[in-house]
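Chain naming follows the written order as A, B, C, D and E, and within any one chain the residues start at number 1.
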Amino acid sequence: MHILAVLLCLAGAFFFLAGTAGLLRFPDSPSRLHALTKADNLGLGLIVLALVVTSSSLAVALKVILVWLLALAASTSICFLLGQSMLRQDQRQDQ
Amino acid sequence: MQTFYLGVAAFLLLTMVVGLIRIFRGPRQEDRLMAMQLFGTTGVAVLLLLAAAFDASSMRNAALIFAVLAVLAVAAYARGPNRREKEIK
Amino acid sequence: MSLAPIFDILLITALLLVSWRLLGNSDLFQAAVLFISFGLFLSLAWVRLQAPDIALAEAAVGAGLTGALLFATLKIVEPKQGRSKNGAQPKSCRLDRAAECPGRMHYILASIFVLGLAGLLLTAVFSLPDTANGLAGLTSGFLAQSGVEHPVTAVLLNFRLYDTWLELGVLLLALLGVLGTRDRLGPQNVTAAQPPNPVLSWLVRGLAPFMLLATVYLLWLGDHAPGGAFQAGVVLAATLVLLWLAGLGSVVRMPRHAWLFSLVAGFSAMLVLALCTTLAPDAVALAYPQSWAKALILLLESVATISIGVILASLTVLVLAGEGEANGAGAAETDGKNGM
Amino acid sequence: MTHMLWVVLLPFLGALCCLILRGRAVAGTGILFSLAVLAVCTNLLPGIWTQGQIRVELGGWAAPLGIGLHLDGLGTFFLLLTAIVGVLVGLYAAGFFAQDKKHNAMGRHFWPIWLLLWGGLNGVYLCSDVFNAYVLLEVTGLSAVGLTVLSKTTASLVAGLRYLLAAMFASLMYLLGVGLLYAACGQLDFVLLGQDMTQSPATLTAFGLMVFGLLVKTALLPFHFWLPPAHSSAPAPVSAILSALVVKASFFLLLRIWFTVFPALTGQAGSSPVLPPGLFLGLLGGLAVLWGSLQAVRQIRLKLLIAYSTVGQLGYLFLIFALLSVSHGAGGGPSGATDWTAMAWTGTVFHVFSHGLAKAALFLAAGCLALAMGTDDLNAMRNIAGRMPVITFTLAMAGVSLMGLPPSAGFVAKWMLLRAALASGQWWWAVVIILGGLLTAAYVFKILAYTFVPSQDETVPLRPVPPAMTLTALALALLCAVSGFRAEEVIALLPHGLDGSPLSAQGGSP
Amino acid sequence: MTTFHLYSFAAMLLAALGVYGLITRRHLLRKVMALNIIAGGAFLLLISTAYRNQGAFPDPVPHAMVLTGIVVAISATGFALALIQRIQKQLGQRPDQEAGDENPDQTETSRSGP
């Protein structure tokens, strides 16, 4: 059980690392946004999974999952809003 | 297990510190907001890990609020074109 | 636990780095983003130092409300933020005439002063003992008589209720101050100057029930665990602001009387308690009747939550609305259609 | 006996009523509550007279855990000053905000904020807890800013913002000090902290930070930058409140912090530091007296002149720290020292009182002039003496008190300070006091000279000023003079004030 | 170096940095942020002070003080930002004009136009 949690945690940490690397290394904003949306949700998801596996009670597990779902919804919308805002500006600059 | 969680939390914190560079550099405002968004999610992960490490359930509530309210700032930023800008067009 | 110091040092580095950069660079937008990150790092520090109560409040205030306030002000102070072709900042916002063109001398003097201050502060802190109990012993000793089980709530709502009462007064005053500079009396019908983003509306529709539930949950939690009126209040405020941003009504659609009543409810509830306990011949001022303490504290907390939420939300909405205050008819219609 | 919490409760209750009511009822309610607060304050007087000091533990929790309220003679003086000025300014405001529609809108906001401010000020005078004092500082600070920006002119908004930033900075410095103090001592009550105060880097730094914050709030010389624009650009009744009352509250806290919380560090409890910090404060105060008065002489706008005069007059208050630091630092027996220690206290308290009344009278009179003439430029005031004799008389009476000429209350204050300075062998403070008096005379005569200059065109129409406004200004100025004529009675009250004043508060147990 | 000392050092450095920013930065918005950093320093000092308690929970009194402080800080910040906005609006037009008779749209638009 613990080994599974450790592995999941490490994988999650790796995704966060990848997200940060993408944020820093990718050349332009849209590709950075793409990297970000995937990395952080997956990273958080894996860590949440690890915590669920080792959680002491069902309530804790459910709460952690709820946090993940809310974060997922919020971050998806944020990324959408940001993308839209970038698009709008690019259009304006083209005009 | 506690030490391990703390270690992962510290590692995530490190990625956050490194990610600060994107906020410093920009160049677009959206890049900075993206980095902030990544911070938010990483922060939620750190909070959850610390909650597990210290066995404090109230920290999960903080994580929950964090997860949701990160929207607020971005929503305030991305409020569509200003009335002013529309008039210019 | 040997990893804890590494975590601490990283966190402190982040805090100092962010605040240094925030004050140092020229781009205000970047400073605003850094300020929100500062709030985030700070709440990690609260969690690390076992202050979940503070972390809860900071999560809503630092990451949510402050960020919204700053971005809104930036939109007006620097309308061309980011995509500036002429990066000049408007002169008008540098009101400090002495610092209008600060010479080298200004910086040198400031540096000397601040270095002295920092030296003084560090020496002072260095001399402090590692362990001290403060008032923790007394608090836990009297916890049983306070009517609640969570020590922070006991301090806020019972042992130091007077401070909490005055602090609600401070909140009320901030809003009154803002209203005093406006031409109208409240945030009624103040709308964002543009139609709400459909994705945001959709998201907020989904989230709002959760947030309102979280408000009630935090309020209920305060009795025996971290949570309580302040945390619930700021979460409520953030939710109300989010609702407004999504064009879903919020404080701007409250009838004037209901709105006014919610503003003063928390402050007045404590005022009534103070009045009753001062008037009653054998009562001690601001003391709960022993058997009623629990119920009264819960009542006061609920009312205070509403007040804190509505006051902070009105304040933020007024700042967010900014120049959009003179609402366009179109926006008002959209708002009306979507109103909850 | 009246419970002392009433002086906080009543203004707050009034504020809520004014917030909920609309229309003409607001001003009436405000005045009604003002009178009630005055009545309560007067009612507290006998208790203080007989008992010296009263202490109440709020919520029934004794001091280290709960918050105590503590009223003594000193606090009663400040309460009474606030109540007297408050009632008269309230009556004035009723006229002032009834001028036109714009002022009506201002008045609607004025009353709730002012009554909240009043409650906060009264809270300060009862305060006995360092953190409670922080919250009260915020209450008074935010409400003072809220009142400053009421007129919505750009000048007042800018001044208000500067005031707000200075006030926030001051209270944060104070809070930092509170944090250090709590970290070092583990408690927050004034008296308890004072009883086992020790000298350590932490407590010394805490002392420095708290005093620094309060100095910024009280606008002592290098930190006065926010005061003149804020006090001069606010509406007249607000200027009167800010100058007469609000700065006095932070001064009061400074007295408390200095003499009650840190007696060991300020040379009060025998041990004398090499360089008494009081001397430093006295020096700044002396400079403020000279510099502020000099600036006042140079102004050509009446309200700005009066505001700079506040900077100067506040300087006198800080002389007490220098006077008393030497007295106790010398370690001489209290028998020799008490005589002029009491004089220094009497002079300072009297100065607070007389300056409060005189400055309120001046600002209210300036408000009347501005209303009549549409400007507060001194050049526009030619021949005003003939056309508005009551107002000119008010200006003269208040000016006489500021200068410290014999029959007025200001005279008693300055005379006492002078005697204390000479009796304690610190003649240089006497020089400062006399020089300050001369400079004050210069700007007072400058105002009066303008009003008597005959003007070429007599035809500039004056707007009529409601008698409620002129008469309240006159009443304040006369009160100032009368309390000077009746100096013996007021001084007779002071020993009772001194019983509870910080000097002897150390002896009494909470 | 104990946890308390580490964090209280950081708190003091933050406060000093904030003071430096407040003195040297010209833009009002940044002054407001600097004030908030000082506040963060003060809060951090209080919370790390509370952490020293050896008992079952940290000293709750500083926690209560910081909660009060946070709400005070956000309300003062909101007030300051509202004032900054209002000033900007009025200065964007003609300085020292009465606020009552203004038309916010006209001058704003012309000023921000390309």
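The working rule: contacts are C-beta pairs under 8 Å (C-beta built on N, C-alpha and C of every residue); 3 or more make two chains touch, one makes a residue touch a chain.
Every value quoted in this text rests on a predicted model; they were computed, and no experiment measured them.
Visitor: Touching both subunit C and subunit D, which chains are there?
Guide: E
Visitor: What is the touch distance from subunit A to subunit D, in steps?
Guide: Contact-graph shortest path, subunit A to subunit D, evaluates to 2.
Visitor: Shared touching chains for subunit B and subunit E?
Guide: Correct list: C.
Visitor: Tell me the chain pair with the top count of C-beta pairs in contact.
Guide: By number of C-beta pairs in contact, the leading chain pair is C-E.
Visitor: Tell me which chain's centre, taken as the mean of its C-alpha atoms, is farthest from subunit C.
Guide: D
Visitor: As a test of understanding: of all chains, whose mean C-alpha position lies farthest from that of subunit A?
Guide: D
Visitor: Between subunit D and subunit E, what is the gap in Å from one C-alpha centre to the other?
Guide: Centre separation, subunit D to subunit E: 27 Å.
Visitor: Roughly how far is subunit A from subunit E, going centre to centre by Cα mean, in whole Å?
Guide: The computed centroid separation for subunit A versus subunit E comes out at 30 Å.
Visitor: From the mean C-alpha coordinate of subunit C to that of subunit E, what's the distance rounded to whole Å?
Guide: Chain centroid spacing, subunit C to subunit E, equals 11 Å.
Visitor: Using mean CA coordinates as chain centres, what's the gap between subunit B and subunit D in Å?
Guide: Centres of subunit B and subunit D (C-alpha means) sit 47 Å apart.
Visitor: Mind pulling the subunit D residues that touch 2 or more other chains?
Guide: Touching at least two other chains: 131, 135, 138, 142, 145-146, 149, 152, 157-158, 161, 176, 180, 182-183.
Visitor: Going through subunit B residue by residue, note those that touch at least 2 other chains and give them in order.
Guide: Counting only residues that touch two or more other chains, subunit B contributes 16, 28, 33, 35, 40, 57, 64, 68, 70-71, 75, 77-78, 81, 84.
Visitor: If you look at subunit E, which of its residues touch at least two other chains?
Guide: Residues 8, 15, 28, 31, 45, 49, 61-62, 68, 72, 75-76, 79, 83-84, 86-87, 91, 99-100, 108, 112.
Visitor: Can you check the complex and tell me which residues of subunit A touch subunit C?
Guide: Listed in rising order, the residues are 70, 73-74, 77, 80-81, 84, 89, 93.
Visitor: Which part of subunit C faces subunit D closely enough to touch in the complex?
Guide: Residues 95-96, 98, 120-121, 123-128, 132-135, 138-139, 142, 158-163, 166-167, 169-170, 172-174, 176-177, 179-181, 183, 185, 260, 264, 267-268, 271, 274-275, 278, 284-288.
Visitor: What part of subunit C is in contact with subunit E in the complex they form?
Guide: Touching subunit E from subunit C are residues 4-5, 8-9, 12, 15-16, 19-20, 22-23, 28, 31-32, 35, 38, 42, 45-46, 49-51, 53-54, 57-58, 61, 65-66, 69-70, 72-74, 76-77, 79-80, 89-90, 92-96, 99-100, 102, 106-107, 110-111, 113-115, 117-118, 121-122, 124-126, 128-137, 139-140, 151-152, 154-156, 160, 163-164, 167, 170-171, 173-175, 177-178, 181, 183, 230-231, 233-234, 308, 311-312, 315-316, 318-319, 322-323, 326.
Visitor: Can you name the residues of subunit B that touch subunit A in the complex?
Guide: Per the stated touch rule, the residues are 1, 4-5, 8, 11-12, 15-16, 18-19, 21-22, 28, 30-31, 33-35, 37-38, 40-42, 44-45, 48-49, 52, 57, 60, 63-64, 67-68, 70-71, 74-75, 77-78, 81.
Visitor: Quick check on the complex: what are the subunit B residues that touch subunit C?
Guide: 2-3, 6-7, 9-10, 13-14, 16-17, 20, 23-24, 26, 28-29, 32-33, 35-36, 39-40, 43, 46-47, 50-51, 54, 56-59, 61-62, 64-66, 68-73, 75-84, 86
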